[in-house]
Each structure stands twice: as C-alpha cells, then as structure tokens.
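Below, each structure is written out as structure tokens.
First chain A sits with chain B, and in the next complex the same chain sits with chain C.
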Partner chain A sequence: MSRFLMDPRRRAWLFAALLVLAVGALGASGGARYLAHLLALAAALATAALGLALVQGRAGQVCLGQGAAMAAGAYAWAALAPHSLPLALAAAAAAGAFAGAAMALPARSLSGLPLALASMACAVIAEVLAMRAVAFTGGTAGRFVAPPALSAFDEASAALACSALCLGLAVLLLYRLDRTALGRAWRALAQAPEAALALGLDVGGVRQLAFVASGLCGGLGGAAYAQTLGFISPEQFALPLSFELLVIAFLGGLRRPVGIILASLAFVALPELADRLRPLVGTLGGWDPLVLGLAVVFIAVFRKMD
Partner chain B sequence: MRVLCFAVIALIALTAAPVRAEQVLSVGALLDLSGPAALLGVPLKNGMEMRFAEANARGELPGITLKLLVEDTGYDPKRAILAARKLIERDGAIAFLSNLGTPVVLATMPEILRRERLHLFPFSPHEATYAPLHPLKFQIYAPYRSYMDPAVRAVLRRHPQLRRVCTLVQDDEFGEEVSAGVRAGLERAGLALTQEARHARGATDFTGQIARLRAAGCELVALGTLVRETVAILRTASEMGWKPLFLTSASAYSDQTHALGEAAVEGLYGVTNPLRIPYREGASPELLAWLDAYRTRYGAEANVWSAMGYVAAELLVRALAAAPEPTPAAIAQALEKLDYPGDMFGSPRYRFSPADHLGQRTGGELTRIEGGRWVSLERLDGPSE
Partner chain C sequence: MNLAPEVVLGGAAQGCLYGLTALSLVFLYRATGVLSFMQGEAMAAGAYVAVGLTALGVPLALAALGATAAGYAFGALAARCVLEPVRLRAPWVATLATFGLTLALRGALLSLPAATQGWYRFDWVGEGRWLGLAARQWAVMLAAAGVASAFALLLRGTAWGRRVRASAEDAATAERLGIDVARLRRQAWGVGTVLAVAAGLAAAPITFVHPDLGSLALNAFPAAVLGGMKPGPAVLAAGVAMGVLEALAAWQLPPGGKELLLQLVLIAALLALPRERAAAP
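Coming up: the complex of A and B.
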C-alpha cells in the first residue's frame, strides 16, 4: 500500500477518486434514480471525450468539433432505437465515424490551428443541418428519445446500462486499436512527427484515421447522451458541448481512459457540489458555472505543478 | 484536521433537512436566472415567492407550508432536464409552476408528466402546453395565433376605413404564429393580407422591409417582433415620414417599448397576454399596496413578470385550498372546477374544465401607447375558434 502511494501520479489519482466519491455521495442524496442519471451522463461524456484524447494524444491534433459526431450518433440512435437496439448502436457508431471522416477531410493537408478551426466549422455546420432537417430531427423544437424497451430495467437504469455499454465499447476499441500497426503509427506520429514522415509513414492518412476513430467514439457517446437525456435538440450539440468535451479530455489526461472517466465524473458531480453550497450564496444566477470554472482553473494549475 | 472536521460538520448541516410538524409542499420552478431570459426569471421568481410567503404567513392552507424551489436553467434544455429530475427525485416537488422558455418546457414536460407531477402555467405560449389534453397540464397563456385574430379585428372595428393590412414578422416559428393569427382575423373580417415582410432574428436595419410595405400602401402593419425590433421599425418608419397604424403582439407589450421608443411609438396598438403592466401612476389603492409590499420585500420595482408570477401562484394556492388533499390528482381536479374572476392586475377570467385546460384564449386586452405609457382600451373576448 505504501509503495502504491509512493508514485505521485497514483497519489493524485487516489485524491481524484476520493473527491469524486465524496461528491458522488452528495449527489446520491437525490436518490438512486438521480444518481443513475448522473452516472449515465458522465459515461456518455467520457465516451465522446475518449475520442478527443485519441486525436490529441495520438495524432497530436486538437478537435473542436466532437459535438458534431455526438449529434450524428444521437439522431441516428433516436431514429432507430425504437426498432432495434443493436442496429441503432451500429448506426450511431457509423454516423459518428462518418462525421469524424468529414472533419478529417482537411486533415491530409492541414494540421494545428487551421485544422482545429476546420473541425469547429464542422460542429457549426452540423448544428445548422440538424435545425434544417426538420423531418428527421424535429428542427429547433427538438425530438424525444423513447425509453428503451428493456423490461428488466427502469428508465434510469436502462439509460445507465446503455451508457456503460457505449463506454465499454469505446474503451475496448481504443485498447484493440492501440495494439495494431495503426496504433504504433499514431504513437510514432505523436512522439516524433518528423521521424514518422522520414520512415515513410502516410502521416496525413494516419491522422485522418484518428479523426474517424474519434468520431466513432463521439457517435457512441451521442447515442448514450440521447438515451440519458431523453430529449435532443440542435443547440445542445453546439460549440459549448465540443468545448466541454475538450476540457474533460484535457483534465483527464491523454494517456489512460480511467483519467477521462474520472474527469467526466467530476465534471458531472461538480454542479451537484455547487448546488449544495448554494445556501451560502442564496439565489445567485450563474453560480454553478462559476464554481465549475473555478474548479477547472484550480485543477489545471494543480495538474501543472504535479 | 480541525478544518476537515469543521468542513464535514458544515456539509452535514447543509444537507440535513429541517424537521417540521407541518407538511411542507415543494413546488419547483425551472427559471432562467443567468441566460438570455434572465430579465424575466428573477421577477417571476419573486412574484411566486411573495404569494407563497403570504399564504404561509396568513395560514391560508391549514397544515401546509408552501416552498418554492427554483432551479436556474440558463435557457438550456440539458440543464433543465437534469434540474427537473433533481426537483422530482431529491426534493419531491409535486408541481412545476411557470417553467420559463419554450425550449426548456418542451424538453422537460414529458418527463414531469410521466412522473405524475403537475405542469402548471409554463411561460411558453405553445399549444403543446395544454393540447392534447393531459390531466396534469394546465396553461393560462394563449398562443399568439389565438389572440392576434381578435386583436386585429378590434383594431379594424376602431378604424372602419382600413382596407390594406400587412404584416412584418420575425422569420421563425414565433413570427409564423403571429402571421397566422392576423390572417385568420382578416379572413373573418372579409379582408385579405396585402403584403407580408419578414426579418431575420436579431436584425437591426428594417429600411428595406419598410420601403416595401410603404410601396404596397399598407394602412395597418401587424408586427410579430420583439421589443427592440418593434422600436427600431417604428423609428425607421417615422424617420422616413411614413405613419401607418401599427399593432404588435404581446412580445413587445413591455414598459421598455415606450421607454426606448419615446415619441416614435406613440399610438402603437398592443395586446396584453394577459396582464397589464402594473404602473404606479393611476394604480388602485389595492395595487399600490401590493407594489409597496413588493418593493419593501425585494428592494426593486415590480413589473409585469412579477405580477404574472404572483397570479400563477395565486391560482395554485386557490386550487390547494379547494382540494381535499394536496396530491397532484386532487389539485388538478380542483383546478378544473376553478373560476377565477380576474384581479387588480387586469387578469381575464380564468376557467378550466375537464375537457379544456387552457384558462383563456384571447390574450387579455387591446392596449395602445398614449402619452408615453400603455393604456388599456378594451377586453378582447371575441370567439377565436
């Protein structure tokens, strides 16, 4: 045990886990169903953020458009889930991967900030498309996602099961990919892009594939998100969501999924903590985002010192 | 360590619920306190809170203490869904009162109804808030469509020589609603729409639209626009030396309209939906006492949103007083029998029935800006079906 604590990184994780547990206990006072909702939401966000960690940690690029992949997955899931759950899951993953591929189009020739901005443009376009494709998305009025027909579960548990499944699939996918030639190519690209180029690696193509894999995770995350909230509308997938995911990926670190999962748990649980502290400040508008913002700054500084 | 102990004790103190002999009834409200509609959220909250505090202090509901639980949605459906779940699961809210904003209401209403909580008088003039009929959903704010129809006919009655009626509306669902109401009113008056113009959301220049309407010879222009756009349109028209009659929907019925528009908005017709702005000047003694009580309590002047919050809470308090037990089903049945005659704020008569959960359909009164303030002219109660 003491050897386990010698490693400062492990100590930091233990600290984070304790924090999340403590805040989770606060959320639990809302009842088991409410806690299940929070956990399901955290799992959905973690699934999508995992893709970002791949793009950033492996391909060395910043993606500002993960919201587009989530939107694609969410609407695909909403349309097909009433008919067949496995089909809906596959469609959500495919739709997300397709959105990722669209974002990857400029990745062959662009990198760095221009590529990040291009991916951001994709998120904006996706929002407009979702608003205009009224027949499929319900337009700005939004559309409902029927509770899944899993008779063994109530609504909240079913959403949690669905989110956990999506998260598991995404983790499994990344774990498998990391051990293929493509995974090695990504690692080479992240560690020494020039060397990778000198070795004859198709840098642009490898980068594009990272976006596609990331989009797939985003699509799965979108499906989980849609099922958890039960209602989706275009503005939910606008830029703030993409930036939230980026913050989760940054806070969670890019190396291991567990970091991302903890970060999204903290991200979902922090507003609960802010809510508990509310009696100290009274009814103050914008209190929750303020606490969240301060916490992000604090964690960023804390991580840097580590 | 001492600090840690203190923190733990403080947390326990914060989470522990106070023990009371009386039954505490929790009523939730999903309001925008930090987003684009925050201007409405705070007075709305104050108005509801004030009525609940009065009921508790006077002991109007024996054995029951009313508690208003406000959650800030920031006008964001995602936050609203989580907040609604929190109010249901954690706080056991039995009713939601005056939830603010169509996106928030459409996102949260199905779940609230599925969990068998009352969904009362949301701040969203959308048909889905009362139709199709559901035992637990009630509305008192009529959709734009249903009161622009009697409003346009009322203006035509006052100016029988008018023949050429036009619309200028925001290019979205809201504008379309207003436009549809105007067309329905014209059809019944035996007229057709002369010209229709639209503007993008958030536009600031209306010269093109005004020129087109002027060229079409419009005598009455019905507006489906918000406060700032309404003021800008009337200013542009008056700068161009064009003075037709204007009629605006309730979305521009605000004291900001004449504060910003000054001389340019004189003579503008409007509609209340359904309350009057509680001006201090010319207020009844009863209203004046209410305005003073509000100012003492919150240190700010009451506005039309405060009055709307107060009336919404009033209806719930009356239903609770009439209900044999404070359960959603019993309160809903009491609401269906409720007949609210109107009040010092100029509320119309609200009546619900087991077959109809929209309390009124006409949007209140036709008003006009005269001498720098809105003056009520007549009650709109022509049939709108």
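Coming up: the complex of A and C.
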C-alpha cells in the first residue's frame, strides 16, 4: 500500500502476534483455566470453519448450514462421551458427515445461491428436529455434557485437549485429502469447471463429497464445542452460528488454515474485549452484538480479498 | 364450528407480510446481485422509529413517513459506505456484510432500554371485525396490496424503474447508454430498505413492535424462491400461499411442523426453479 506500512506478509505476522497476545492478556485476567476455555472455543470454531473453507475454496460453493453439522456432532458426542471417548469422536465425525451429506443432496442439480439457500433450509430443519427430539437432545431446555474422565486434567484443560485434537484431526484430514485424486478433482472444479466437466469428472458427485468432508469437520468442531461449553441447546446451533462460521471462513482467508485459526481467535477475543470496554458504555443490552456487527462490517470493508 | 375460513384468511394476512419482505429481498437481489440478510432487522428498526416518533407526539402518518425516510437514508448510506465497495470485490462478502449490519442494528435496538422493556403498538387501524377477521388483518392485507402496487408502478411505470431494470439486465450496456449504474444501485438499496420498513409498519398492528419482529423474514425466503426470484405479483402471491400454508400447518400439524413444512417447500421450490433464473445476474 504505502511505504510507511510493512510489506503484507510481515504485517500479517505482526497482526497474528498481536492477536495471540491480546487473547492471552484477555484470558489471563480470568485465570489460566479461562484462557484454556477461550482457546478451546476458538479451536472448535476453527475446526468447523475449515470445512466451509474447503466447500468454498475447492468446490466453489457456499454452505449456510454448518451449524447443523456442528449440532449433529455435538449431540452425538454428548450421548457417547461418557461411555467411550474414541467412539464418541468417531460418532461425532460420522454424524457431522451425515449432516453434510444431507445438505449435499440438492448439490447434484443446484449450485451457487440456490444451493446455499437449500443448506440454510437444512440448518433450520435440523434446529427444529433438535428441538422436537426431546428424549435425545433435551429439547429447548438443552442438556449437559459430562466432563470426560481424564484424571490428569481439569475440565478446561480437558476441553482444550479435545478441541486441539479435533482441530488437528481436521487439518490433517484436509491436508491428506488434498493430495488424493479427490483433492485434484476439487482443485480442477474450483479452477476450471468447464474443463473438469469436459474431462468427464462427475462434478455433482465431487461437489457433494466436498459437503460431506465439510460436514465431517463440522461434526468434529461440534464435539469440541459441546465439550468446551459443557451445555448444549438447539438455539446455540441456529442460523447465527452458521453465519458466524462463514464470517470466520471468509474473512480469515480461504487459502490457509492459519488465517482461519487466527480469525476464530479474533472472534473469541472480540466479546472479551467488548466486556472490558463495558465500563465506558454502562449497561447497554445490545453492546456485544453491536461491537461484533461493526467489527464484521469493518473487516469486510477493509480486508483485502485474495 | 368450522374454523377453516378464519385460519386461511388469518394466514393470508400474515402471508402478505412475508410477501412484502420477499419482494424487498428479490428486488435487492435483482438490482444489486446481493442476497440481503438485513431485511428482517430493517423491518424491526423501521417500526421502532415509527413508534418513537409517535411517542414524541408526531401524528401516525408523519411517523410512518419519517420511518420510511429513515429506512431510505440507512439503505443508501449502508450501500455507499459498506455494501457497494465490498460487492465490487466479492459478492458473498457483501452478503456477510449485511449479516454484520444486522448484528449492529440489533445491538443498537437492544441497547435502547425502552425498546426491550415492552411490546409496543404502532396501531394505525383500531378495533372492529368484518367477515370473521379483525379489522387489523384486513388492513394489513390492504396495506400490503397497496405497497406492492405502488412498488410495481415505480418499477414498471417510471423512468427510474426502467433504468433500474435496464441496469439489472445488462449493467455494461446501461453504463454505456449514460445511466449512472453505481448511483442507481445505491438508490436501489434505499428503496429495498424502504420496502422492508413498509413491511414492518404493516406488520405492527397484528404482531406488536418488539425486537424480534424481524424474525418473520426467515419465511420470506421460501416466498421469494417460490415467486421465481423476480419482483412482481408472483412473489406477493407466493408469500400469501406461505402464510396460508403456515397457518394450516400450525392448526393441524404437531408443534414444529410449520417450520419444517416451509423449509421443505423452500428446498422443493429451489429444485423446481428454472436454472437461468436461479443464476446470479
């Protein structure tokens, strides 16, 4: 931009360092446990947002229903975690992938905005189902998620370990997938859809698989989210969550996981920052959404899109 | 006692609101290429402006006028500062920016202590019944029909509307013919917001004015798609159909059935929508 500013890459590193410092300072004032809670939350959001970045970056589609995949993973985890942690993790991933597959059902004939609206409809349907399946989800009253029986950890550290594991698994999965034939097909679809079609690629099927992989990430993220919060209810997974994940994925940068992790850190740090500024504004009921909304608008306007 | 006619008519009154909101969605989508998620909050905010003005002693008609003027100013300002610059770089990010604006508007509403402490009425109708429905519901239907026809007249019968349609059809050619497309898009954002505010004002007599007033915009999406994503009477009719369907579902199906049904209609309508209309302009 101008010579007074550093070159973009170093500026990004500086920004990242500042962000991590800020989260650290904000969390540390609430104790190490609180810091662990914030980091776990950020990792859970980043895990789910990674899937959206895949859907947009590779299949060129927008998914407005990642909250549904998160809900599926969260409830599967909540039901099975007291029995067996590996089984619960696998079940959460499978449930998320299933939700992704359900959202991808129209993907064979739809793309672009109609597909995004269809995934949004799926998210609303998932929320209604979660509210009605009272025996399994506790309905609108919600249900508690038992802390895992890891004797060496307290609750917050266990949640952080779980979130970090989920994030690691998701990053690893996407990294591995990118090097398979499927990954090449996704890249072809993103860069030259017509050429992909002409080469006999099953465009609809490849698109659907992107949704399934994204749902899997969402399921893992949902498990980590449930473990971090310790309590889940259907409203938590309603449309605003899907939009927040989309904001993280788009404004964090669709290219690299680091950007998404940083964006989710910022997303977690922002309400904390707003809380610290609260003495300046007194009792304002809508202070948090106001700050968050203005931040989203601000970043959308000033971030350089690649 | 047979309740069916009352259920259907009451649903139609509610559906008129869905239709008006869907009209604003579809118009903005056609004129600017951005799917806006802020129409619901614009409805709520506009209704609050009207309530606030009447609380200051302004007559009802002037308060409604003030609310629509505020809606136009907000839409045009948001377009100039945020939405148009962003849209030129990345269309989906503009949609996310409307989500940010929604959050900010909602935060501003919830920050007004008076707004959260009660449900208000911006009642421009009054009591009375006719043919089994409250006068308020008839008035809502009339108001929706009136606003929709005025909008159709604006779009079809004026030079401004012709310019908007021309630049939605082919922006490059319109630009070459001397139409200031960028300015037109900003005005379109203003007009689209005014439509949402009008829906909010029309909703006020039957739903009260409260911070969650805008949540009815969710049901505008099925109406918009079913109406063919093209501004016109079909969208209003689809909204009415959605309202009737919702009322019947709420009457006959178990709880949660109406939300499920409307979203299934949305998916079915998306699958049935002709491909060239579904594509972004």
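As a working rule, the second predicted complex is superposed on the first by the 289 of 306 C-alpha atoms of A that agree within 3 Å, B and C clash if a C-alpha of one lies under 4 Å from a C-alpha of the other, contacts with A are read in each partner's own complex, and residues count from 1 in each chain.
Throughout what follows, contacts are C-beta pairs under 8 Å (C-beta built on N, C-alpha and C of every residue); 3 or more make two chains touch, one makes a residue touch a chain.
Here the structure is a predicted model, which means the values were calculated and not measured.
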*Answer with first, second, both or neither: which of chain B and chain C does A:H37 touch in the superposed model?*
first
*asked:* Per the contact definition in the header, classify A:D288: touching chain B only (first), chain C only (second), both, or neither.
replied: both
_With both complexes overlaid on chain A, does A:P279 touch chain B (first), chain C (second), both or neither?_
first
*So, A:F144: does it touch chain B (first), chain C (second), both, or neither?*
first
*Partner contacting more residues of chain A (chain B vs chain C)*: C
*Kindly classify A:A121 by the partners it touches after superposition: chain B alone (first), chain C alone (second), both, or neither?*
second
*Mind working out whether A:A90 is in touch with chain B, chain C, both or neither, as first, second, both or neither?*
neither
*A:Q236 contacts which: chain B (first), chain C (second), both, neither?*
first
_For A:V297, using the defined touch cut-off, is the partner it touches chain B, chain C, both, or neither? Pick first, second, both or neither._
second
*Which residues form the common part of the chain A surface touched by chain B and by chain C?*
284-289
_chain A-facing residues of chain C, complex_ = 35, 37, 81-82, 85-86, 89-90, 92-94, 96-97, 99-111, 113, 116, 218, 221-222, 225, 254-256, 259-260, 263-264, 266-267, 270-271, 273, 278-280
_Complex contact set, residues of chain A against chain C_ = 56, 62, 106, 109-110, 112-118, 120-122, 124-125, 128-129, 131-132, 239, 243, 246-247, 250-251, 284-297, 300-301, 305
_Please output the residues of chain B touching chain A within their complex, sorted ascending._
11, 14-15, 33-34, 38, 41-42, 45, 70, 72, 74, 76-78, 81-82, 85-86, 89-90, 103, 106-108, 110-111, 172-173
_Contact set on chain A toward chain B in their complex_ = 26, 29-31, 33-34, 37, 41, 140-142, 144, 229-231, 233, 235-236, 271, 275-277, 279, 283-289
